[in-house]
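Quick heads-up: structures coming right below.
Below are two complexes that have chain A in common, paired first with chain B and then with chain C.
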Partner chain A sequence: MAVSSENIIIVKDLVKKFGSFVANDHLTFEVRKGEIFGFLGANGAGKTTAIKILCGLWYPTSGELNVAGYNIYTQREKVKQNIGYMSQKFSLYDDLTVFENIRFYGGIYGLRKKEISERSKSLMERLDLSAARDKLIRDIPLGWKQKLAFSVAMLHNPKIVFLDEPTGGVDPITRRQFWNLIYEAAHGGTTVFVTTHYMDESEYCDRVSIMVDGRIAALDTPEKLKFQFNASTMDDVFIQLARGK
Partner chain B sequence: MKRFRAFVVKEFYHIFRDYRTLLILFGMPAVQLMLFGYVITNEIKDARIAIYDPSKDIVTRMISDKILSSGYFILERNLNNIAEIESAFRYGEVSLAIVFEPEFAKKMEKNGTAHLQIIGDASDPNTANILVNYASGIISNYLISINSEKVPYQIIPQARMMYNGELKGVYMFVPGLMAMLLMLISALMTSLAITREKELGTMELLLVSPLRPVQIIIGKVFPYVFLAFIDAIIILVLGNTVFHVPVLGSITLLLAESFLYICMALSLGILISTLTSSQQIAMMVSLVALMLPTILLSGFIFPVENMPWILQVFCYVMPPKYFITIIKSIMLQGNGLACVWQETLILLGFTLFFLMLSVKKFNIRLA
Partner chain C sequence: MRTIRYIIQKEFLQVFRDKAMLPIIFLVPIVQLIILVNAATFEMKHIRMSVVDLDLSATSRGLIRKFEGSPFYQIKQFSFSYQEAMNQMQQGKVDLILNIPAGFEKNLMKENHARAQFVINAINGASAGLINAYSTIILLDYNRQTALANFNNSAPSSLRNIHTEYSYWYNPELNYKTYMVPGILVLLVTIIGLLLSGMNIVREKEIGTIEQINVTPIVKIQFITGKLAPFWIISLFELAFGLTIGKLLFNIPIEGNLWLIFLSAAVYLFVILAFGLLISTISHTQQQSMLISFFFMVVFILMSGLFTSIESMPQWAQTLDKLNPLMYFIKIMRMVLLKGSTFADISRHFWALVIYAFFIVNLAIWRYRKVA
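This part shows the complex of A and B:
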């Protein structure tokens, strides 16, 4: 599915302060339905704060926010039902089996029993995990866990999926496979909002925003950004932005 | 509701997969009860004593026999001179010495008085006190029995210990242990369970999901209500079958009060978990801030009335104190709600207070 012109996330003048420290300084941006939106920035630039606010984990200090068509202040529950989330910390339960984890997430998103068994079956086939159905999560390799965590976050067919540094600590091959999953999700019409440290990954995104010190320093497609900064890679763009303040 | 059920099912998986914790949960009440019941006991049996009897007449022999046949004392040795008393105590051979004066019977006959000294080993003051009391009791009984014909009047006090006729220590420990273990399981285990989700990062995932924070908290706590309740029953049944501690009052009321106390401890556990973010801190806080006061300041072992007033003030803000009062009253005195409604209200008050405080803290965290 192609990226539509419809906006699914609308952020206007988002400010988040922790005491006198301004983590998000008047962020304004839109994410279009069906696109892969890369959210980049150095550690402490305010990425995680922004993603937590968009997911409804924290309240913003001020600003207008609309996520998946719902107001973040007044329609939190609707927002939550329509988004998926996978964090940089590992997000499955170690002492539950693959299937129990899937069933749990299906359950808390209110899926019916039949839906859960159908979706978990197709999910495990897609990830080649059918044989590991009754294995504890702690006994399967990290790469699989990460793919499974992503698929679980997609289980309730959310309109938007937020991925907070999903590929931290995995090998390049698994990262490649992981991005294939992301492409699949985007093709299926899900909007993907992803933060990452890896600059090569940002090339896979439809559009990229780069945060520096709580502000959005640049926002465009990777090609246009490279052209604008006269750089050959996104790495260069990023370094120029981070230094040139 | 369906979401909530899925959540509770997951919690039970966590608990049943972790069989070490499970073992502690169910093994602990049994082991603790046996320890407290058998090891820590105020009852005296077969205390070893020494007797120094230079007169060796009919009266001293009668008194010695009475003492030794009481069942509380056994004769470790007969002393030959005063100097041996010191060494008998020093080497820990005896915990009590009885010293008769020379020509005991003759003096009693002639003057009407004779002296006898009871020496206790006060390096262990409680035991010494009890032993001295037992020995003097036996001697005064003897005196009454030989005087009954000669004296025109006499007063015979008859002491009766209500509610615990045999003065069994375990009557005190069963209520105390209930208070301690229910507190431990409820407060410690829930605070650990909640902080664990925080540490693993799964708490964020739950908060992003459509589950409400209240559902998350109740879902985490719910299984422990169950487990703590089972523990309460284990303690009561063991206390009743092994140590014959009775439940004179209504069992329903007793269980209802236990339920209230469990809820109070759980809300404390929730409060602790909203204040801390790591399991280690939660554990330290639960152990130090809850366990020690529960043992020391609740009237479990040491009577509140004997403490300095400033500590007494602390005692009055310790929820376990009220629970112990309640269950003692129901179990041992057979009282109904009419006698314990005040304490019940206080426990209810504590529960609501802790809950409100943790909801407030939780909201601050979200903002």
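This part shows the complex of A and C:
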């Protein structure tokens, strides 16, 4: 994994308020090109809010944001051309087949017909889904769906892919397989921004930030964080941070 | 452009994969046409009446026979008590009471005029008016008859009569169904179009796929166009299907140019579908969207001139009705189908729809938000 020193996401003093509730409280961080950046935190810590703002789905209240080299306020559509997003909520069409979903998303990203058929073919082969090509999404297991959703988010070769709790509710083996896909993407040069509340997964990240109550409480490599908090696992680090609030 | 094609393709797949859709598209129009066209009629058949004849004379019996002889009346009850007849009306069993007082014939013979009374159930004002008109005609007719009989040969010249000849244009047989079918067809495409489009975007909100679309660089106008086109095609097809059924089942006249009908329908459907999509972008759940659609649909339909005459609405309501897209399209349909109107005849209504469509499509595009 070639992590460059170039920053591909730059966030400065990001604030998001819902009425009087502050979901993101002056977040400041950078993500380097090519790294797997873990965005950790308990439920309700503000992870999803931040990811939606970075993807251009929600307006921030204030702060400077630069994603993939574009300003999120003035070049929103440019940002969108260069990112992929897999939401926490399931994002494929239940009543369409595996192939129809790939074709549709490829189509709205502006891929040509030939590109779509080529990429969908290699994609389904890689995911072992060739046999399920014409099955409806509602009829395939959750683990497959999530792998497919991830691949669909990667279909247009984005510079950054945002994954919002991609492994929620799947078994450990499928989670492992999913992380293999993430590694592959990172090897291919895509920056991966992933939120999770499985602390074991954070060990797979190049760097992690831990959010507590809308703030970033810690940000570093997993090794350094464990050393800093004198903990043997990321679980311990997290519990110390969450208690200490 | 390519993007739009993919959205259209996807919408078609989803619509026809839904098992309930085909019956809705093919069965509903047939059922609606058969039921509504036959049921929604202004004609009064089977006026149920109660007769209170306290005179029991040849003249009063003659009058009653006139009513018995009419195909529109059914005499449900003969009674000697007005109160008894009134009870029947209170219970909703009769619509009309003919009250003939004692001395009817005697007064008519001696004083040349006599009184009888109609009591009409006017809960439905329109039908009460019709009952009154029908009954009065029968009474006047009988009046003339008895007058002629009495004066006989003595003074026929003193009876002057203005006789009116009727000539019914555009619907010479006064076939009510002919009048109803074009309007019901409008109703049909409106309901299908508004519900389909109204439920659409909000459904994607509910299942969460809208976020996945909003995170793509798709242009708003592409998205709305891609959503509109499939329902536009389905609704136009629906109209063609409905017209065929109307022709086969009710033999409705198609006097004007069918292309003119479809051109107007094409514009009209832009209004309805964009209106549905607008509702869809505002709503958060499908139920909400249904309720809003339903509200507008009821107002639009009741004020559309389908069941009641627009000309008899108060002035403010007629002004308000200028915002009712159904009103324009029903007028166009009736004018072109029944009268054979040309483009010049309907141009005012047509351009009104064009302006409306332009406005509402833009409103829907503007209101669709990719960023919250």
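Keep this in mind: the second predicted complex is superposed on the first by the 244 of 245 C-alpha atoms of A that agree within 3 Å, B and C clash if a C-alpha of one lies under 4 Å from a C-alpha of the other, contacts with A are read in each partner's own complex, and residues count from 1 in each chain.
By our rule, contacts are C-beta pairs under 8 Å (C-beta built on N, C-alpha and C of every residue); 3 or more make two chains touch, one makes a residue touch a chain.
From a predicted model like this one, the values you see are computed outputs, not experimental measurements.
In the model built by aligning both structures on chain A, chain B clashes with chain C. When the two structures are aligned on the shared chain, A:Leu57 is found in touch with chain B and with chain C. Shared-chain residue A:Gln177: touches no atom of chain B or chain C.
Judged by the document's definition of touching, chain A residues 55-59, 77, 80-81, 83, 85, 87, 89-96, 100, 103-110 lie at the interface with chain B and also at the interface with chain C. Partner chain A is touched in their complex by these residues of chain C: 2-3, 5-7, 9-10, 13-14, 17-18, 207-209, 211-219, 370-372.
On the chain A side of its complex with chain B, the touching residues are 52, 55-59, 77, 80-81, 83, 85, 87-96, 100, 103-110. Note for the complex: chain A touches chain C at residues 55-59, 76-78, 80-81, 83, 85, 87, 89-96, 100, 103-110, 112. Interface of chain B with chain A (complex): residues 2-3, 5-7, 9-10, 13-14, 17-18, 200-202, 204-211, 366-367.
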